[in-house]
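These are the structures in question, set out in turn.
Next come two complexes built around chain A: one with chain B, the other with chain C.
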Partner chain A sequence: MTASPSASLRLGAYLRAAGSMLISLAATILGLLLVTFIIGRVVPIDPVLAIVGERATEAQIEAARVALGLDLPLWRQFLIYAWDALHGDLGQSIRTGQPVIEAVARHFPATLELATLATILGVIAGVPAGVLAATRPGSLADHVVRLVGLMGYSMPVFWLGLIGLLLFYGILGWVGGPGRLDAVFDMMYEFEVTPVSGMILIDTALAGRWDMWVNAISHIILPAGLLGYVSMAYISRMTRSFMMNELSQEYITTARVKGMPEWRVIWVHAMRNVLVPLITVIALSYAYLLEGSVLTETIFAWPGLGSYITDALMVNDMPAVLGGTVVVGVAFVLLNLFSDLLYRLVDPRAR
Partner chain B sequence: MLLDPSLRRVGGAALSALLLCTAPTALLAATPADTLVIADAIDDIVSLDPQEAYEFSGLDVVNNVYDGLVELDPAKPGDPVPGLAESWSVAEDGTTFTFKMKSGITFSSGNPVTAADAAFSLQRAVKLDKSPAFILNQFGWTKENVDTMVTADGDTLTLKTDKPYAPTFLYNCLTAGVASVIDMKTVMEHEANGDMGNEWLKTNSAGTGAYILKSFKPNEGYLLEARTGYWRGDAVLKNVFMRHIPEAATQRLLLEKGDIDVARELTPVDIEGISSNPDVKIQPDVGGQIFYLSFNQKNENYKNEKFLDAMRYAIDYKGMTDTFLKGNMVVHQAFLPKGYLGALEDTPYSLDVEKAKALLAESGVAAPKIVMDVRNAADRMEMAQSIQNTFGQVGITVELNIGEGAEQLKRYRARQHDMTLQSWGPDYPDPQTNAGSFAWNPDNTDEAKVGTLAWRNAYDPGPLNAMTEAAVMEQDAAKRKAMYEELQTKHRETSPFIVMFQIGYQSAMGKSVSGFYTGGAIDSAAYWLVTK
Partner chain C sequence: MTLLSVKNLRVTFDTEAGVVEAVRGVSFSLGRERLGIVGESGSGKTMTGRSVLRLIRPPGRIAADEMLFDGQDLMKLPEREMRALRGPRMAMVMQDPKYSLNPVMKVGAQLMEGLRQRDRVGRAEAHGKAVAALEAVQIRDPERVMEAYPHELSGGMGQRVMIAMMLIPNPDLLIADEPTSALDVTVQAEVLSILDGLVRDRGMGLIFISHDLRLVARFCDRVLVMYKGRVVEELAAQDLLHAKHPYTQGLLNCLPRIGGDRGPLPGLDRNAEWAR
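Here is the complex of A and B:
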């Protein structure tokens, strides 16, 4: 049996699209590496002095310079850097002498867990709120959504974090404190739970340790709720504006005239079209949380990538900072790719 | 762009201010009864191999997991006391030291401690040649000769030195973490690629200490578990759980809620806020770091003793420690920090604008202008502004050159600064560590690159060179102490250094916690005596 001509045409189009996406992906990642490489070379920090320390002799400094390959021409340094990075070698941390990739692998799941939960909360709250506001413009509901949204992106998230901690943990005692678990669980965690994903909620569930799972929820709910609030603010504003735009289109009027129930008009007809730009918005806000929750992680003593990069910055550990940045950048690019693929799924025109 | 370390505190300061307005919540005993839970910033840890660890947090672990031949008493660090050696002596020639090992002590593996383990450990430190190896290299030990300089025979360990150094110099250096005795058999079982077990020991332990290292996660924390049969008496608390919590305000919140027992990184603002909480107590202590001003003597003005003296009286030491440095620094005016052999605790200089003006007039230096290098950290910039202000009152114009730490250090090392505000932490628990840098410079030429602090300031210590060299060879401990006192007195009167402060630390802990010793300026924290 042979494939129909139209199917093979479609397959060809798909392959061509996939090919061009891969090429742009490669170009983006190469650009990312180039930018981080240049940043690493222009910052006014002598990488050698940072490694050998204050007491080193001239001979030790020179030896370290050669060992780091800093005596080579810049283009060769870049090729070595890019080649290593593509093989998963992001260099060694100046502080610990350990491979950066190992530290990143340990810290990234904590950030991913927090950002994912925050995004889920942001979408669950933000999309209905935006739709509600769009369908009743000028109503009390619209004003409330606008006000809540405005507060969400005008108040600094670290400030909200501090207030939240003080109120919900310090005074009310409703949630767990900073850190991913209470000390009593945290100290035993690695001996009692097999790491699978590095995400506590998933790994404790897989291990059937529901006591730990509940404790982890009590710790993640506040930072995730706060970050979710910020992302909700953005998502609800954008949903409102996309939805209002769709609701003014003729096909909506047609649907209404045909007597279609209002919920169907909004959630099926209009939403299908709102979804396309909304996916970009959600992906962007997710990506933002993956790289932008540095202050939140510091305040909540969350051992994620953000606090890893901050700690590294404090001691001028540039390989760690740049390695973390490359990983965030790659995550950003992959999220973009993912949302591109999602478009094709929901929007027939993009196929 | 670089972040100022103080940025991390911005949020904390905001929360601290808020916390000040709220009633303290009651302490809930939420930490396990048999576990000491500590919050500290431990991202400085590079390795937990005792022959490599050379950072504050790492040495805290080493101190609780390993012991040396000679130890310090946590309750009053200062004089060395017997550790794994029960006695020691030095031969007539002053270069052969004999240590008799205690019997019946075991490592956590159960292996007995022998002189061979002690010899192996010291040899390993020299052969691995990691950051703290220089502490032992000072005795003439090199990779090539250490096997003959450090030898074991039965229960006796013999150490040979290349010169007849002051015996206290050797004993003090043997209290350092790098001289910890490790379990040769266990460690060598984990050797890989000729690393003498270094990779394995970074995250495992093989010592005689009260605790064993159960787990270590960089930038997250570590867990120590008590062993039975510790030679100094078993630890009271079964576990020590260290949580890496860099943010002071977060530490404070956790402490007040009873989710941690000890907070080690609180700011003075937090300490003030917490001091009214009846469930919390505060334990002040000093660290080894000192803060000083130094002047580059390539500028002839800075050889003018009257001019230097004028500036010594133009600093508001007490005004600073009473206000923005409160709880962070104590006034200290000699190069050996309090806690060291021979440290001077008197503070002869205080702000006296009239006296300073008179001295400046006598000096003959007209309308002096100084460029002051300052690191872009909040407390240092505040110090610099205070000094700029009081110098101004005396008639000395100060221009601040604020910059990133590593760049400032580069200028300093290249002797390019005019005046600089710097800090210095001692490298090992013997006065030579600071004397050898502040008061010793055998070759003051640019090409020499001696690297000591004296050299960086183009300061030729003259007769102080010989005094420093003599003090480190002095066989009599009491005489040696007196020599350092005299050396410091001369140094602070004649050198282009103005030592101003010694760093202070305040640990806050639950009221029931006692026996928590931080080690002060000279030693590391001891956990095994803690009760709660």
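Here is the complex of A and C:
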């Protein structure tokens, strides 16, 4: 009888929070579409000329203008653009004439796979490193973590990538080279594996093709390790400072007064509180990787979203650039929403 | 019978500006009685209390000729054995439950932690004991409080939870470090009388740290007055209001009195000679 009013109160508050979240989600995505729409109109690239070519007649140009809907008032153009985008139509690539959404659907899983693995590696390495540094400030371990982190911050990724390829692929031959698979497996993957997620590691595992899976691992491990190192540098620094802050709190003394062992004080009492801000940090670093790290994807010939957008930009294929940008933006927004929900789950005060 | 005997306790902090001495040669002993430690902020009373638990955070360092607890010298115990004493044998209630309870753990989980982790007690039994402990500190709906998070409790409730949590394993020594200073005046008396009752019933030794002299005079058997890391006067609680030492007298004089004149209160006279 005491539990039900407070439970329904909590549910009500949660629903209200979820409602306001949905509204802000819708507003953000609409804003994103508006921005990409405006960019599409202000860049000095004429979409008509890009389609019909330089030697078209006046009549041809006019016909293309009408076909693209460019004769309509701007606000109607935007509504059509937004309506189409919300229905998964991001327009047609000028370069290929194919729907942008199909190309994005092919490229995004590659980026997603790389970013996810890199983030997992970054968390696995970064969180314990940060905790180690925080629990022994000024020790050798602290200095090593700081130095390794500093290198991750300051070494250019393309340089590390090239050196890594030279050393581990060229000289030692420990890992696969550029691309997601060896050429042999590339063909086999195309014809023998049903694409479920578009992520090779998941699809080959589902198909039970472990030979291909191992080959994919050997290709992804170097770029993922590299990006994971960069994200580890960031995560370990933040973990260290969050952990040091929590360890100076009074509830930590309480746990020690209760006679709790040090591992429990750190990994249960302090860690649960560290998680609250750390979730945001991890989500941000993941989102950053999801944008597709152009340099890494270029060096490793990784057919991800970053290299897709860059290639499109090189040939003035604005629908492809903006379509890719919208997808990255939506992924960013969804990730933020997810981290917000997780945050509420971890921190009872935020509910 | 002596429960705790401390000889020449010193707490020092190595800072960039040099070595700061927070406690400078404090000695006292404690039976199963209530010992008050009073003094102004920075006099070293909190550090003295935490030293007994050996919970001074680096760069702080504890040194003592001897710190006997129930026949064992705490200074010589390895950390492992020290940890085994914390909780079941000695415990501490801190100033503000807003900070001393873990904000992201349910009250119930925090209450049961010692039982579950250290004593390997089953979930149902631990729950029963935690509820009983909450009832002992006069919490009316313990089941609801078990499910609550610390921020959902008032200060008085929080401090009662804290007291319940520390008293579950029935320690021999309880250190109460300003246990009512963060509470509203109206609930101070209530929390204090709960603490008093439990300590009496279980025959524990209590170190009661406070800056409130009148409270200590009423509540304790014996009082240490600390100033700049030293004990300047030790006396029976009933004699506190007639203290001889000028520092203690100064502390008393700067307390306002109901019905007293409304002129400015005298400032505290601090003489470095007393701390020699």
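Criterion: the second predicted complex is superposed on the first by the 346 of 351 C-alpha atoms of A that agree within 3 Å, B and C clash if a C-alpha of one lies under 4 Å from a C-alpha of the other, contacts with A are read in each partner's own complex, and residues count from 1 in each chain.
The criterion applied here is as follows: a residue touches a chain if its C-beta (ideal position, glycine included) is under 8 Å from a C-beta of that chain, and two chains touch if they have at least 3 such contacts.
Just so it is clear, the structure is predicted and the values come from calculations on it, not from any experiment.
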| task | Once the two structures are overlaid on chain A, check if chain B and chain C clash or fit side by side. | result | fit
| request: Treating the CA centre of chain A as the corner point, state the angle out to chain B and chain C, nearest 10°. | output: 160
| query | Touch check for A:L150: first (chain B), second (chain C), both, or neither? | reply | neither
| said: In the overlaid three-chain picture, which partner chain does A:I124 touch, first (chain B) or second (chain C), both, or neither? | reply: neither
| field | Which of chain B and chain C A:D186 touches, first, second, both or neither | value | first
| said: Under the stated touch criterion, name the partner, chain B or chain C, that contacts more residues in chain A. | reply: B
| task | Considering only the touch criterion stated at the top, classify A:L162 as touching first (chain B), second (chain C), both, or neither. | result | first
| task | Figure out whether A:L15 sits in contact with chain B (first) or chain C (second), or with both, or with neither. | result | neither
| Minimum Cα separation, chain C to chain B, after superposition on A (Å) | 46
| Residues of chain A contacting chain B in one complex and chain C in the other | none
| What residues on chain C touch chain A, complex-wise? | 50, 53, 55, 57, 83-88, 91-92, 94, 96, 99-105, 113-114, 117-118, 141, 143-144, 147, 149, 151, 162, 165-166
| field | Interfacial residue positions of chain A with respect to chain B in the complex | value | 43-46, 49-50, 53-55, 57-58, 95-98, 103, 106-107, 158-159, 161-163, 165-166, 169-171, 173, 177-179, 182-184, 186-187, 190-191, 295, 298-301, 303, 307-308, 310-311, 313-316
| remark: In their shared complex, chain A is touched by residues of chain B numbered 2-3, 5, 8, 11, 14-15, 18-19, 22, 25, 30-32, 35, 37, 43-47, 131, 134, 215, 217-221, 223, 239, 241, 243-247, 249-250, 253-254, 256-257, 259-260, 404-407, 409-410, 413, 427, 449, 451
| message | Give the list of chain A residues in touch with chain C in this complex. | response | 2-3, 6, 248-251, 253-261, 264, 269, 272-273, 276, 346-349
